[in-house]
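Some structures to go through are shown next.
Below, chain A partners chain B and then partners chain C, in two separate complexes.
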Partner chain A sequence: MIRYIGKRLLWMIPVMLGIAVLIFSIMYICPGDPAQSLLGPSASAVELAAKREEMGLNDPYIVRLGRYLYQTFIRLDLGTSYKFGTSVFAGLMERMQYTLVIALLCMCLQVFVGTPLGIMAATHHNGLWDRISMFLALVGVSIPAFWLALMLVLIFAVNLGWLPTSGVANGIASFILPCIANSFAGIASQARHTRSSMLEVIRSDYIVTAKAKGLSQKTVLFKHALPNALIPIITIVGNGMGMMLGGTVIIENVFAIPGVGRYMTDAINSRDYPVVMGGVLVLGLIFSLIMLLVDIVYAFVDPRIKAQYEGRKGKK
Partner chain B sequence: MKKFLSIVLVLIMALSMASFASAEHGASVTVGLAGDPGNIGPFQGMGLGRIGILFTTYEMLMVKDGNEFVGCLMKELTPVDDLTYDVELYDYIVDQAGNKLTASDIKFCFDTAKADGNLPKLSAVDSVEVVSEYVARFHFTALAAGDLESLLMECPIVTQAAYEASADKMATDPVTTSPYQVVDYKTGSTITYKRNENYWQKDELIPSTSKHNVDEITFRIIPDPVQMVNALKTKEIDISAAIDGSYISDFMGVEGFSVTQIPDNTTKFLTFNYDSIPSAAERQAIAYAVDVEDIIAFAFDGIGYHAKTIGNTKYPDFVEKWSDEEYYEYDAEKAQALFDEAGVTAGKTYRLLYNVADDNTRIVTTIQAALMDFGINVELIGYDNALFGTYKFDEKNSGEWDIMLDEAGSSNLLTNVWKLTLDRRDQTYGKTVGHVLDDELQTLIEAAINDNTPENMDAFHQYLKEQCYEYGLVSKVNNLAHTTVVNTAVTCFRGQILPGACEY
Partner chain C sequence: MSTAVNDTHVGVRTRRQGQLGQVMHRLRKNKVAMLGLVIMLLLIAMALLSPWIAPYNYAKTSKADRYASPSWQHLFGCDAMGRDILSRIMYGARASLWLGLMSTLVATVIGVLLGSLVGYYGGRVDNIVMRILDIIQAIPGMLLSIAISAALGSGIGNTILALSIGGVPMTVRLLRGSILTVRKQEYIEAAEKINCSKWRVITAHILPNSIAPVIVSVTMGIGNTILQAASLSYIGLGVQPPTPEWGAMLSEGKSMITKYPHLCIFPGLAIMLVVLCLNMLGDGLRDAMDPKLKN
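Our next item is the complex of A and B:
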């Protein structure tokens, strides 16, 4: 198992290198002039040229790529933001806290609301609860997050005055509406996948046997059915977490949350290359680690998978 | 299930007792800001967020107070020759850390700002020399009308000691001579200032940009325009100059709110690509074909003015008689006659380039609909801000558009607005932004820039109007709305709120 983890960690190095080369190349060919964006329309041609030279934008592709890879992987420096003049890493870490709070809260909502909904739907298959759950799930995946966010603000902030409209100045209350808006689709998706996975399992022979043995519904469900249905559920949770980290842009913009998503979209709009490249690298690293964690959790949930990981060592 | 429902009901009751409307303000004000200043260090480039906090954070040598240029840190300005001026400072200026401000700090600031290269206007400052403890001598490379004041207003001033003592070049914790000091900065969220009780200047000499009528100022960054409106409605903010025109009626005549409409510095205008539209008749035809009142009604909710040039009456060198002149008022018959003269027939397509930010999308769809009445198609080519800026100035892309919707403004003179697109000396490829190579135009604009007398201004204006290389559409209006916390709102010459100068 340790060996498996070690191998996966080593594999991350070429993956990160690949991400770095790809994102650098994309930003290289992307149209738009960072110098123009920085200096504004009143800058003369000479000033723009000088700024481009200072930013190293006139160098050939291979020179710039080499410089970027050396700075990132040898000096472990993600560079300095063109727009803010501050360290990209410091900027990301400062904003990561808000994005992490939203991502974790949303994942909790997704797991603790979506999973029970899915279980309820599966255990009441074709019944009223199944139809209600699946209707809510359909609504959840259909509603755009930004629309839901603004509706929630209108109802709970503007009309009722219960919660703040935006910002992070009100502690945990600031995250209630953003998390509900951001997790709605995830809850719906989680419910649907859980239902589907559970339905597959509860039709199995061993579940019928368990019921025939006289075990309680609760025991059958949570001791026998759910553990076997967990693999796809864990996959959804893992993917969802990764997407949350990079995909909360809309929610961060609507609720004025200074997270990573907003930092990166602002950087893209102003052609702040170091921030975009640094952000993609950091998010790529985090996503890779989450996927590794998901694989490790598989091993704990399913002994067959654990045996597979360890079996490779045994075979050798 | 019953337990779950009862917990939910308790939570609802608890929340209903809480209110997230702002508490009563007496000594503080919260300002809604649409952009994120990011790095609030002194020598950063101008941006949407930075412009909103600039005068609260820093002081300059000179500022524009109403329609007058007055000294702020500068006590006196003495010309030595046409390109050399002595700036004498007040001899009792101290910053928030107690450091005295002297002429060597002025030299330091201008040298550092020039070296950083984020304030391109300062290229006109050749050097700054320390003459005595409180006198700095400025040597300029060239000075057109209005340039001197503009340059002395351009660079925020800090003491060298405070700047070098800062761990991050004042990116998050500037120490300045301003009456307000940053006490908390959550990047991308809020910036909080507290009044400096030991502010250096005597009351009778304080310009509006340095007034300090409130104890605490908080700028709250809210990028979404709808959320800005919501924050003001719930009184989470007290004032904002970034209320979109289509929502301003939510506050007009509503108890607890006041609205002030201030003409903005900026004007929306159309530029014609001379390479694809070389005929003056064709350009004029397009100008007459578009009803600007429709644009004002649709894009700005009826709030705005039909421009009479690329600029508005706010500028001191705007010639008054232009206000009563005919300036491409909508005239369908005239437009058709001009299209016929230019040989433009139904089915022709123009490519209209624009920046997708702001109200531009509504403007270009109005123009598209207007030209469709003449059987002319308009292909809309929208780009984000960065890309628009690139394509606007890039000769390689000059064949990609026929008409461009743009926006321009200046902090002081109309000639500085015109310079941005019509002075080919400042452009990358020796022509105007519209690819015009017209010696007469160039001669007239240089005369106006060098000496902005009404005669020179009018000569250029009339020629530009006749040739219609560019023409003004709408002079924008800033919609400033506030709660009753603020009695009288005050703005700077850039249309940004001066929270310290407001009356409470």
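Our next item is the complex of A and C:
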């Protein structure tokens, strides 16, 4: 197991390098001139040329890419923001708390609300509860998160005045609407996947056997069906985290939350490349770590995968 | 002899049609999916016919109608420049639907090409392609679309590209997995042994038997892509005003939402309706193609 984790961690190095090359190349073809946005519209042509030379913007692609990779991976420096003149890493860390809080709260909502909903729908298959919750889930995966956010603000903040419209000044109350808006689709999709996974398991022979043995409905459901149904759902949780991290970028814009997402969209608009690249790298790293965690949990939960791995180790 | 060959040929063909027919038959019995399909077709018709059926020109401004509330004259009201929102939604369907359909199509074509390549050949090609896709998948999809669309600039073509790249890895993975199970079957070996060209083996024998999961995921994917496209336009990337597009309309209306909520309510409802119909259709297709749910 430890060797497997180590191998996966090692494999993350080329993935991170790949992300860095990819995002650098994307930013390389970005239109606009960072020197211009740094010096402002009043800068003269000479000043601009000097600044470009100083920043190394005139060097060929491969030289700049090499310099970027060296700076990022050898010196572990994400660079300095063009706009603020401060360290990108510090800027990201300062804002990361908001993004992580939202993403993690959304994850919890997805798992702890979506899964029970799906189980209830499956156990009441074709019943009223199944139909209502699946209709809601279908609507849930079809709603644009930012529109839901706007509507929630309109109802709960503007008309009822219960919750703040934007910002983070009100503590936990500031996070309620963003989290609901951002996790709604995740909860819905979790419920849908849990339901279909449960239904598939309930139809299998060993559940019939368990019922035939005379076990109670509860034991059959929670001891026999659920553990097997949960295995495919773990993958959904990992993917959900990616959706939540991407989704916070939009949601932070709607609610004016000073998180990483807003930092990055502002940076895109002001051509602040180091911030964009640093943000993508850090979010990519977090996402990869979570996917690794998901795979480890997967191996722990599913004895078949564990055995497969241990069998391979035995051969070597 | 030749009649015999013809007969088997005909036999094969009818059976394949029969399979598709079965799927269609099961789909037709699914009322929810059919409702989704009908509304979707109506919406597509509305988008195509918008110059003739829209009550007003989408670009016609009118000072008197600025922020007009919904009324019989302007069913959905008017925006900040006095433009009729219903007409803009009808025209906007063109951009929104086009973005969703085209991005998914581009992603699917690339995904199916790559997927059949790596699934059929395996080995080193497989390894290289899959590792590259690992890298693309390590970036959350929305983030990747935002970055690419910032790099390429706004506009429909660039947005399609930005949205489709994130969808490729998923299609490749699905198809590759499904091809790997088909690949070892006897009929593929038989086709190879009678000297079918590789192209023919892949297109005539492997793909028809492994494409089902991709079709389902594509149908579901269109809805998701439309949501992503709208999000991009909403944060100021993607399609930009004055082109009417639902996400962009929301973006224009959001600053006035407290005073004039109708600016935001209707474009959002339009997005939701389209995605809901596509998901209903996708659910139906998934059930119809699932051999376990037959009869």
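Assorted remarks:
We adopt the following convention: the second predicted complex is superposed on the first by the 315 of 316 C-alpha atoms of A that agree within 3 Å, B and C clash if a C-alpha of one lies under 4 Å from a C-alpha of the other, contacts with A are read in each partner's own complex, and residues count from 1 in each chain.
FYI, a residue touches a chain if its C-beta (ideal position, glycine included) is under 8 Å from a C-beta of that chain, and two chains touch if they have at least 3 such contacts.
Every value quoted in this text rests on a predicted model; they were computed, and no experiment measured them.
Residue contacts after overlaying the shared chain place A:P60 against neither chain B nor chain C. Looking at the shared chain after the overlay, A:G214 reaches neither chain B nor chain C.
Of the two partner chains placed by superposition, chain B and chain C are both touched by A:P31. By the touch criterion defined above, A:F84 reaches chain B but does not reach chain C. Look at A:S142: by the touch rule set out above, it reaches chain C but stays clear of chain B.
By the document's definition of touching, both partners, chain B and chain C, reach A:V158. When the two complexes are overlaid on their common chain A, residue A:G171 makes contact with neither chain B nor chain C.
By the touch criterion defined above, A:P303 reaches neither chain B nor chain C. After overlaying the two complexes on the shared chain, residue contacts for A:G246 are found with chain C alone; chain B is out of touch.
Overlap of the chain B and chain C interfaces on chain A comprises residues 31, 150, 153-154, 158, 253-254, 269. The touching residues of chain A, when paired with chain C in their complex, are 14-15, 18-19, 22-23, 26-27, 29-31, 138-139, 141-147, 150-151, 153-154, 158, 200, 203, 242-243, 245-247, 249-250, 253-254, 264-265, 268-269, 276, 280, 283-284, 287-288, 291.
Only residues 31-34, 36-48, 50-51, 54, 81, 83-86, 91, 94-95, 150, 153-154, 157-158, 160-170, 173, 253-258, 262-263, 266, 269-271 of chain A touch chain B when the two sit together in their complex. Those residues of chain B that touch chain A in the complex are listed here as 15-16, 18-21, 36, 38-39, 41, 44-47, 117-118, 120-121, 123, 168-169, 171, 186-190, 220-224, 226-227, 230-231, 233-234, 236, 384-387, 389-394, 408, 420, 426-428. Of all residues in chain C, only 131-132, 134-136, 138-143, 146-148, 150-153, 223, 227, 230-231, 234-237, 247, 250, 254, 257-258, 261, 264-265, 268, 271-272, 275-276, 278-280, 283, 292 touch chain A in the complex they form.
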